[in-house]
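As written, the chain order gives the labels A, B, C and D, with residue 1 at the start of each chain.
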Amino acid sequence: MEGQAKPTRRSKVTGLQDAARLARGALEERPELCLGGLFKQSRPVALVRALLAAGADGLHVYSSPGAGYDVDLMIAAGAVAQVFIPGVTLENRLCPNFRRAVEAGQVTAHALDALTVVGGLMASAHGVPFQPIDALRGSDVLKHNPLLHEIDCPFSGRRIHAVGPIRPRVTFLHAQEADRWGNLRHLSTMVYADQLMARASDMVIASVDRIVPDEVVLDDPSRVTVPSNYVDAVVEVPYGAHPTASFPNYAMDEEHIDAYADLGDAARTGDSTGLDAYITRHLTEPKNQSDYIEAVGGTGYFAVLEAEARNE
Amino acid sequence: MEGQAKPTRRSKVTGLQDAARLARGALEERPELCLGGLFKQSRPVALVRALLAAGADGLHVYSSPGAGYDVDLMIAAGAVAQVFIPGVTLENRLCPNFRRAVEAGQVTAHALDALTVVGGLMASAHGVPFQPIDALRGSDVLKHNPLLHEIDCPFSGRRIHAVGPIRPRVTFLHAQEADRWGNLRHLSTMVYADQLMARASDMVIASVDRIVPDEVVLDDPSRVTVPSNYVDAVVEVPYGAHPTASFPNYAMDEEHIDAYADLGDAARTGDSTGLDAYITRHLTEPKNQSDYIEAVGGTGYFAVLEAEARNE
Amino acid sequence: MSAAVSPIEQMVVVLARDLADGELGAAGAAALVPMAAIALARELHAPNLTVGGEMFFNPEPGRLYPSMLDDRALGRCEAAETFIELFGHSHHGLDFFFHSGLQHDVYGNINLHHVGGTLHAPKMRGPGAANLSYCHTSSRYYICPTVHTARNFVETVDFITIPGHLSGPAAKRDAGLVNEGPRLVVTPRAVMEFDKTTLRMQLKSVHGGNTPEEVQRHTGFDLAIRGEVPQTRPPTEEELRVLRERIDISGALRA
Amino acid sequence: MSAAVSPIEQMVVVLARDLADGELGAAGAAALVPMAAIALARELHAPNLTVGGEMFFNPEPGRLYPSMLDDRALGRCEAAETFIELFGHSHHGLDFFFHSGLQHDVYGNINLHHVGGTLHAPKMRGPGAANLSYCHTSSRYYICPTVHTARNFVETVDFITIPGHLSGPAAKRDAGLVNEGPRLVVTPRAVMEFDKTTLRMQLKSVHGGNTPEEVQRHTGFDLAIRGEVPQTRPPTEEELRVLRERIDISGALRA
């Protein structure tokens, strides 16, 4: 082999736009997109914006059982056909575009529960044809949930529920760190369903606050939350979860989300100029994440969120 | 409430003999005992010895899918009726007492596979009546496995397998650290099925290399592998996994295990004097872990295993 | 001191008193009041109460937050879990849990999906809810909305997201709801309980500054007021001191 | 250099050559030879080969150990998993895996349970085996025992722990074994493959220092030797240098 070009290990580090194009192509085959994090923490918002800029539409959106800003933004941008998320809320208020679009019949919001979503991801990750569920009773959600089936339990003889595999075509995750091979390190305490989604999905694309040297991973393998085997591409994106949080690095930007929700509510009740301007400013105009950071308020603005994450 | 005795939070720190008595009482109700770790790493051997000294017998022994020395010792001590472990081996050689007792018809060793054991623990941990399995074909184990059932898959229409919940009455684990409330920290890279077993079992008793201050846990909650909610008692036992390893603190004692296996093989072929002496020396005579450490060779002896764990 | 008690503080104290030492429970989605109640119980009489069953154990938040599902509130805790463990907890159940919604009805059923219209053509679409299991796998739960009006307390909810007592004992039994279900309804105005026989909600006590008639006027169904309705026992000095000095440092419950 | 090649080193080199860049695979229970083969392939031609599917990814052991399932060998790796993830991997399958046992038969079936007697009244009880799935959920596997005698290569195993090709194509199809199954049998004496039509084992090549007749004498069934049997291609200097200098520092493969 001397003198021959020896093959080398391929890095999975990718640019934001390339990652978005990769995702868009896959989602054109099958529109199931799944988002990591929960509510206002560790949501892959920069990847979502890049995907919207790349022109995705007709998406079926999944998530850990609770989502808010990002799904609402995707609906505002007209990219979503169906929502398979049990809870869609900004927590302190409703999601304005979600509400508007569902009330107008433009988006189908399925009635689901957490166990169906988690159980479906479990079945997919475990490679089995279904996951039994035996903890759902009395809710009207059971009459409408499109993923849930009643089966005769061969062990107990009772009627129980079961859900087939949920296999997202693409999952977007946000973690704090990764090495160039795509081994992800969530440094936040809460990791939610990110690991499960990674194992349940066809393609995984992750944004991270920073790429770290190989030795950081090798010196503490227990800290790796998602092994690179599950990860197709990793993108270093400063403040890539904004306006949601990436603890311990920066906190959620409640004021940004609240201002967005005000614009969404205005649009819902007839005045969409503010929301249109918001989308132009944050989604259409920025060519890259640096532009976005400037549009939001520059790095000085983010220092406040960083300080908040350090409890200062 | 001033002047009244305010209730305080109860510590779960227990002595080795009290823990063994607790386990023995529970196992008299239902003899399913499950052991953490795998082969020669993180096996709760001091707890096993204490249980044997407390006089347990007729046990049904479970484990992560591979076990060796500890199960063999329990069989040598006459405490085991049935073994539900897919692989029983010292890895570089067979388990002598396991082999002898099964060949003599004194112990029933069920033919099982890893997915049945892991799937049964999963069903128990998840609280569902069964776990589907769809990756077993062609092995004679399927004809004998007492825990595995064939079912008609309501999703695929195919015949698949399923296992009901495996719910150990008592699980023994070994971790490197715990706080006094029973939050366990495995500092080893490999944690095997310990977390799953803890969630699948009625009672969990853990030995640890050391009890750490509360702040150690609170400052890094992601490092807690088994939350105290699952743990009934925790015992600080120096070298509590010996002769198996407790990485990164001390390595496995291959020579000790090999010498034990030689005595076991001699007993199997007719001369049990060596094995009897081994059991007297390591099991019957030591009143506590200090006695055991002395019987093995004293703390100087263990310094070698500690150095090996540090790769010196 | 009790003159300055806020209605939300009164709610917290009522709930805290009903939680027992050694229990396991979690706060649910609208976590501000439940988490304060749990913390107060742990400080005062239940040091062995374990907060668990969501994705964390025994958090030590520096102060209270409206949401208690992220690192801001939970970064300091005894252990973190994920949705897989939550799947298991949801089956095994807890000792107690908390719920509230857009609408609550006379049987304690809760609606978070839509008001008016149908699910797929709603007049007003709500957020939905994630965990629908703890309401019946847990031993009991508490309903504790921070508003109490005739609009969110209605005779019959438009959609049952979280089952309470459904339409009474027979329906509950038929649906396989074997546990207690909602035990108390605690609002800024009053405490309600459920009639043992009919499982319909009835007034138990009114907080200081409220009359039974006022509470009834702000409720969209008959609260079955018969004779004297006691006043809710106000917070003791000890309760209020611990709540304000050790739990609600930032005064979120008085805002 | 090749004069000093040990039979075990020859095994490692044969196996390493058959592993491709970009594949995902694991070493199985008797890991010394497989792990050396994987490491050699990664060094030489398969840097994107991922070691995974047991409970760790891409370990960097300082040296080789007979067992590769504990922190001694795996403490330094890229990620750790648990038996729950192994449950999933076992269903999804790998590109390759390795097995060996007490007995191997003409169809590549492997016995680890008992020799003689019955399962519950065995003449000799073996260790059993944990993972019975990778042999058919993975694309292919390799059989690589470190001894090769007429006692461990028998016409028919007493118990099929790990199915190979069962009793041939029809039986394999009936059992639902849709993947390749055992591809090569690599021992200290020779390399065997399986006849495409009958799926019976046949001699492919003999290692330097062995004759086909010797190999047949140490095998308990007909190896279908027809005409010339080639010699196994010995390790190149590069293969041997990398193996000894970067992987088998302690000389475990020459012991």
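The rule is simple: a residue touches a chain if its C-beta (ideal position, glycine included) is under 8 Å from a C-beta of that chain, and two chains touch if they have at least 3 such contacts.
Computed from a prediction, not measured in an experiment: that's the story for all the values here.
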item: Joint neighbours of subunit D and subunit A, given as chain labels; value: B
item: Higher-contact pair (C-beta pairs counted), B-D versus B-C; value: B-D
item: Rounded Å distance between subunit B and subunit C, as computed from the means of their C-alpha atoms; value: 41
item: Between subunit B and subunit D, centroid-to-centroid distance (C-alpha), Å; value: 29
item: Interchain centroid distance [CA atoms averaged], subunit C/subunit D, Å; value: 59
item: Residues within subunit C bordering two or more other chains; value: 56, 75, 77, 80, 84, 87, 90-91
item: For subunit B, residues contacting two or more additional chains; value: 127-128, 134-135, 189, 191, 221-222
item: Interchain pairs in contact, sorted by label; value: A-B, A-C, A-D, B-C, B-D
item: Residue ranges of subunit B touching subunit A (in the complex, touch as defined); value: 127-135, 149, 151-156, 158, 160, 162, 164, 189, 191, 221-223
item: Residue numbers on subunit A that touch subunit C, as the complex places them; value: 38-41, 64-66, 85-89, 91-92, 94-95, 98-99, 102-103, 105, 108-109, 111-115, 118-119, 122, 134-141, 144, 188-193, 195-196, 245, 247-248, 251-252, 311
item: Contact footprint of subunit D on subunit A as seen in their complex; value: 1-2, 7-10, 125-128, 179, 181, 183, 199, 217-219, 221-222, 224, 226-229
item: Subunit A contact footprint on subunit D (complex, rising order); value: 21, 24, 44-48, 50, 52, 56-57, 60, 75-81, 85, 87-88, 90-92, 238
item: Of subunit D, residues touching subunit B in the complex; value: 29, 55-56, 62, 66-67, 69-72, 74-75, 77, 80, 82-84, 86-87, 90-91, 93, 113, 117, 119-133, 135-137, 159-163, 166, 172, 175-177
